[in-house]
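Pasting the structures in now, so scroll down.
Look at the two complexes coming up: chain A is in both, with chain B in one and chain C in the other.
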Partner chain A sequence: MEDAATPVMTTASVAVAESTGISPGALKAKKIERARMLFWLLPPAAWFFVFMILPYCMLFYYSLGSVDYVVFKPGLSLANFVRVFTTEPYLSVMLKSAKIGIYTAILSSIIAYPLAFYLAFHASEAIKRYVYLLVIVPWWASYLVKAYAWKTILGTGGLINASLLGLGVIDHPLTLFLYNEFSVTLTLAYIFTPFAVLSIYAQLERVPTSLIEVALDQGATRMEIFRKIVLPISIPGIIAGGVITFSLGFGDFVAPALVGGADSIMISNIVINLLGAAYDWPMAAAIGLIIIALGLGLITLAHRLEHQFQVRF
Partner chain B sequence: MAAYIDLIGIRKSYGASPVAAVDGVDLSIQKGEFVTLLGSSGCGKTTTLRCIAGFEMPDTGTIRFSGEDITYSQPSERDMRMVFQDFALFPNMTISENVAFGLRLKKMRGRYSEAQIRARVEEYLSLVQLADHGKKMPHQLSGGQKQRTALARALITDPAVVLFDEPLASLDANLRKAMQVEIKRLHRQFNKTFIYVTHDQEEAMAMSDRIVVMNKGRIVQSGSPEEVYSQPNSKFVANFIDRANILTGIVETVDGSTAKIRLASGATLSAPTNDATISGKTVGVMIRVDRVSLGEDGSDQRNILRGIVAERLFLGAKNEYVIELADGAGRISVHERTAGAQASIGDVVPLCVLPDDIRVLAA
Partner chain C sequence: MRAFGNKPLVAGLAGAVLLFLYAPLLVMAFFSFNASQFTGLPFKGFTLSWYEKVLENETLMRSIGASVYVGIGTVILSMLIGLPAAIALDRYDFPGKAAFRRVVMLPIVLPGVITGVALLSFYITIGFRLSLNTIMLGQGTALTCIYVTEVFARLQQLGRSQEEAAYNLGASQIETFFKVTLPNLKSAIFGTMLIVFSISFDEIAVTYLLTGRENTLPMALWSILRREATPEINAVATLVIAFSIVLIVIGVVASRGKDLVAASKS
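Take a look at the complex of A and B:
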């Protein structure tokens, strides 16, 4: 108990010392504060170094080298980065991955919004628990299994075709459902929608009932309440969900491999190939770094947008 | 004669709860009145107000508003606006946009031009002394300013009735006082009907034309602040409205309109009554802390009690003495001006109280 209270007090006294000129007591408090901070920060800092900083440094080191037959040769050349932008298919596949990522983000948001809305405004506590369960339980099954499930739904012998045949709508199984961008997007959206639901729900949940009641009291229609109040407040949630689903979709390699067509190959598939069969680690590292840079840019942008649209009560 | 707003036998319980939140409320409100629903937490004030506003529908009962049955009509169909405790400002809009909200809705289309809306918003912002704050966002305002914005937003649509659900509960004491004055001023200025909910008896006394005291979903007394203060009809009201000393005694005789009541200490008090049937019964005797004084002034009009000073508290302009009466007859708190009579702990002192300042309550 005592320990929990002390840091607060010392922080305050440090602040006072800094604003009033430094007294010896405050200096000592500051020292103790520092020592304590170091102690608590050490484990996460070590973790961060071993699993984040170090791998990035290695990645960077590899990306500057080259491969002679199957032997890695260290170097200091940017040739790999140039190759990403000048040699096919790297850039075009990256763009296509981005496109799939965007489709995934859009589709996920469209599916997620009404669900999040229902959960935030209309669902009872019991229903909320059930929906959580329904969202969480599929995560116990492997991603691979779920992607496979879509294969059986969308395929020529799958659920959709069988139903359409049975209903007599068509007389040959249709192939347009599977092995294309559509099936990849659908599968990715199916798997990643929960992330969008959670981020939109978290935002909608902040809308107090009294806001809706004031609007109703003033005579606003349901549509006006949605357009003027609920939607603007939920924008940061949509952005956050969009960034997550985009990133997960962009970097995915299972869905394109399972339900994608010959031309549905995505950037992660290429990286895997470079690491494996092609044995070109430097090239893989260069692509990886570019993706990380893009990701950082995207997150910074999204962060700024979220901040701009975030409301404060 | 039907009043402006009539609540007839309103009963409402939530979900499967066996206890009704509002348990048979009958209330008539006149046009232009400032009525306050007063009661402790959970007594059903908010529920009653929300039934009037249309956010809740009573299980049974009828609500009439200028002759019309509005029990089941939508909030927007009633010419009333509600002001919430949490201000409920739209966080994504500026203060001006918040105030203009009701004027920019589809149902108002064509009623005002954009220029007229702007002028009207200006007018109402200066009415609540926020003329320079229109461009700010809600989170940039203080609590009092937020509540003034909410007031302007409610008033700008010119409703006949304004409903307040503890609008000042989240403000600090000084601000609350200032806002009370402001709301009172707006009531005078607009001459609208205000229905106000609070659990703060001082606030209710300061602001209302009429106070409706509620307890456990029912109305226990309804009257002007003076009435509920000096003539509470029950121990509950006597205790709830300001500080009261309540003693117990037996009525010895009722002579005309005066009862002689004997306390456990042996002292006898004369008190006014209009109920001859209480003779011989045990009753409660209420004496307000500011209606009893230390010392005896010799006139035989007064009732005299004796006791020992048990506590003395300095309250600024006055001292509070707690006097222990003999034979476990109870304790009496006395407020005495600091400049007035003095006594120390342990002193045996006489207390005097005018018969008219004693209220006899059913035990």
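Take a look at the complex of A and C:
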């Protein structure tokens, strides 16, 4: 707010700089530009420093300490990080979470592709708007509710079992649909499919109509057009969507708790458990930091991959 | 012509995907009217009693109030931080710009639980008591990235000529913001507000760790789901979905539906 008075001078000094071309004026204009920038930048930067950077630093501080009978002891030890990689079940659960995250990303991309393709190439403008809305609605519908819905479908009293029983295919309810890694992956893929659709669609929209027309004129088959034009162009969309679905799947704790079994516990469930029942804050902090590092690495990698595969016209 | 490929096949597959997206939601809605103690077949007749039970459930009703309170606070807080951040990122170059952007965007790729753990350890260290307000602070910080992407995208479209003209005519920075920039951003901001509200209304990971004595709606649902779930849940779920649909449709119409894609691309 303190620079509310400066803009009046801005215009004056800009005018001076423009009419005379002397460097002191230009310097002053630059200074005013800087003041304007700080006006917008400082408040959010300060906020993020206090409510994000500091908390992450806290995490670092905790991760170096230890816990002795539910009392935190500060320290300077990397033992917790070593424990993540050497003590079961941390590393294996993290790998399993990554596996479920990757399956989720792949499955949701595969499910999403036909719909994205339809939106980009087949739907008329009028239909497109409605289908687009139809994709967004389930994406924003309650997360918990969506996970729970699969429980009612896959469970022993669920729709699939009831139908199979009704058809006489089986004579007692099957338990193999629920409480395993399959049900966790399916539920997560279901939740993230709308997101994958939007992400792939945004990329498919970029395919120039003329390119397809030329290819058709030259006698290319549909399969060739798809393989050599459409698919390569859509890859950055698949990567962009995949990175986010992977991260969301990797860090999920709702699906494992609702539709997962005893063996499908994931890393976020472990973190929550460490904070609550186990009261091992330093360990939770160490796992958190490793995941943050992985997350930053993933953003960078995705950025690079997207650029590498981005087709320029 | 743009379309290629087997038309009925593509349309059929697309329809199948839409069916996949909607079937579970319709199943929930269907069972919310089922006069049976259990969620599942057979359908024992139509009833509205589960909806009555929801309306009589004081814990649930109070949690809806709490969620609305947190949602409104989050919308305002993340706007107050996100708007200037977007302007700074669009209009100016400064040292550490890439790092700043990355920090703002980090909550998108980080598991909510991790954001929650970091904030929780911070609150506990400085002695904040956990309450609805701490949830609001956490969500507000994490959801700022949505404003940043949305408003940034709109600012890029707008260009700066109008603002420069205002400055040249002697308008102050504040005047320029309120009379030139803000009116141009109105629809983008409105759309984002609704999107942030609906995310906040549904948020569970950060909330799970930062919650105090009072619970938001997802937390109340969570505790019911963890215990024995009655078909009451289906009724709440249906109501929540219906409510989100209304918000989304308004939001999408207001911001012309490009926001989600924009958010996913940055």
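Throughout what follows, the second predicted complex is superposed on the first by the 284 of 313 C-alpha atoms of A that agree within 3 Å, B and C clash if a C-alpha of one lies under 4 Å from a C-alpha of the other, contacts with A are read in each partner's own complex, and residues count from 1 in each chain.
The criterion applied here is as follows: contacts are C-beta pairs under 8 Å (C-beta built on N, C-alpha and C of every residue); 3 or more make two chains touch, one makes a residue touch a chain.
Fair warning: this is a prediction, and the values are worked out from it, not measured in the lab.
Applying the stated contact rule after C-alpha superposition, one finds that A:D280 touches neither chain B nor chain C.
Of the two partner chains, chain C is the only one touched by A:L54; chain B is not. In the superposition on chain A, contact of A:D252 is made with chain C only, not with chain B. Residue contacts after overlaying the shared chain place A:G219 against chain B, while chain C stays out of touching range.
Once the two structures are superposed, chain B and chain C can be ranked by residues of chain A touched, with C on top. Shared contact residues on chain A (touching chain B in one structure, chain C in the other): 213, 216. Residue ranges on chain A touching chain B, taken from their complex, read 208, 210-211, 213-221, 224, 228-229, 232-233, 311-313. Of all the residues in chain C, the ones that touch chain A in their complex are 1-7, 10-11, 13-14, 16-18, 20-25, 27-28, 31, 38-42, 81-82, 84-85, 87-88, 91-92, 94, 100, 102-106, 108-114, 117-122, 125, 137, 141, 144, 167-176, 195, 198-199, 202, 204-205, 208-209, 218, 221-222, 225-226, 229, 233-234, 236-237, 240-241, 244-245, 247-249, 252, 257, 260-261, 264-265.
Within the complex formed with chain A, the chain B residues making contact are 53-55, 74-76, 80-82, 84, 86, 88, 90-93, 101-102, 105-108, 137-139, 153, 157. Listing the residues of chain A that touch chain C in their complex gives 3-8, 10-11, 14, 33, 36-37, 39-41, 43-45, 47-48, 51-56, 58-59, 62, 111-112, 114-115, 117-119, 121-122, 129, 131-146, 148-153, 155, 157-159, 162-163, 166, 190, 193-195, 197-199, 201-202, 209, 212-213, 216, 222, 225-226, 240-241, 243-244, 247-248, 250-254, 257-258, 267-268, 271-272, 275, 281, 284-285, 288, 291-292, 295-296, 298-299.
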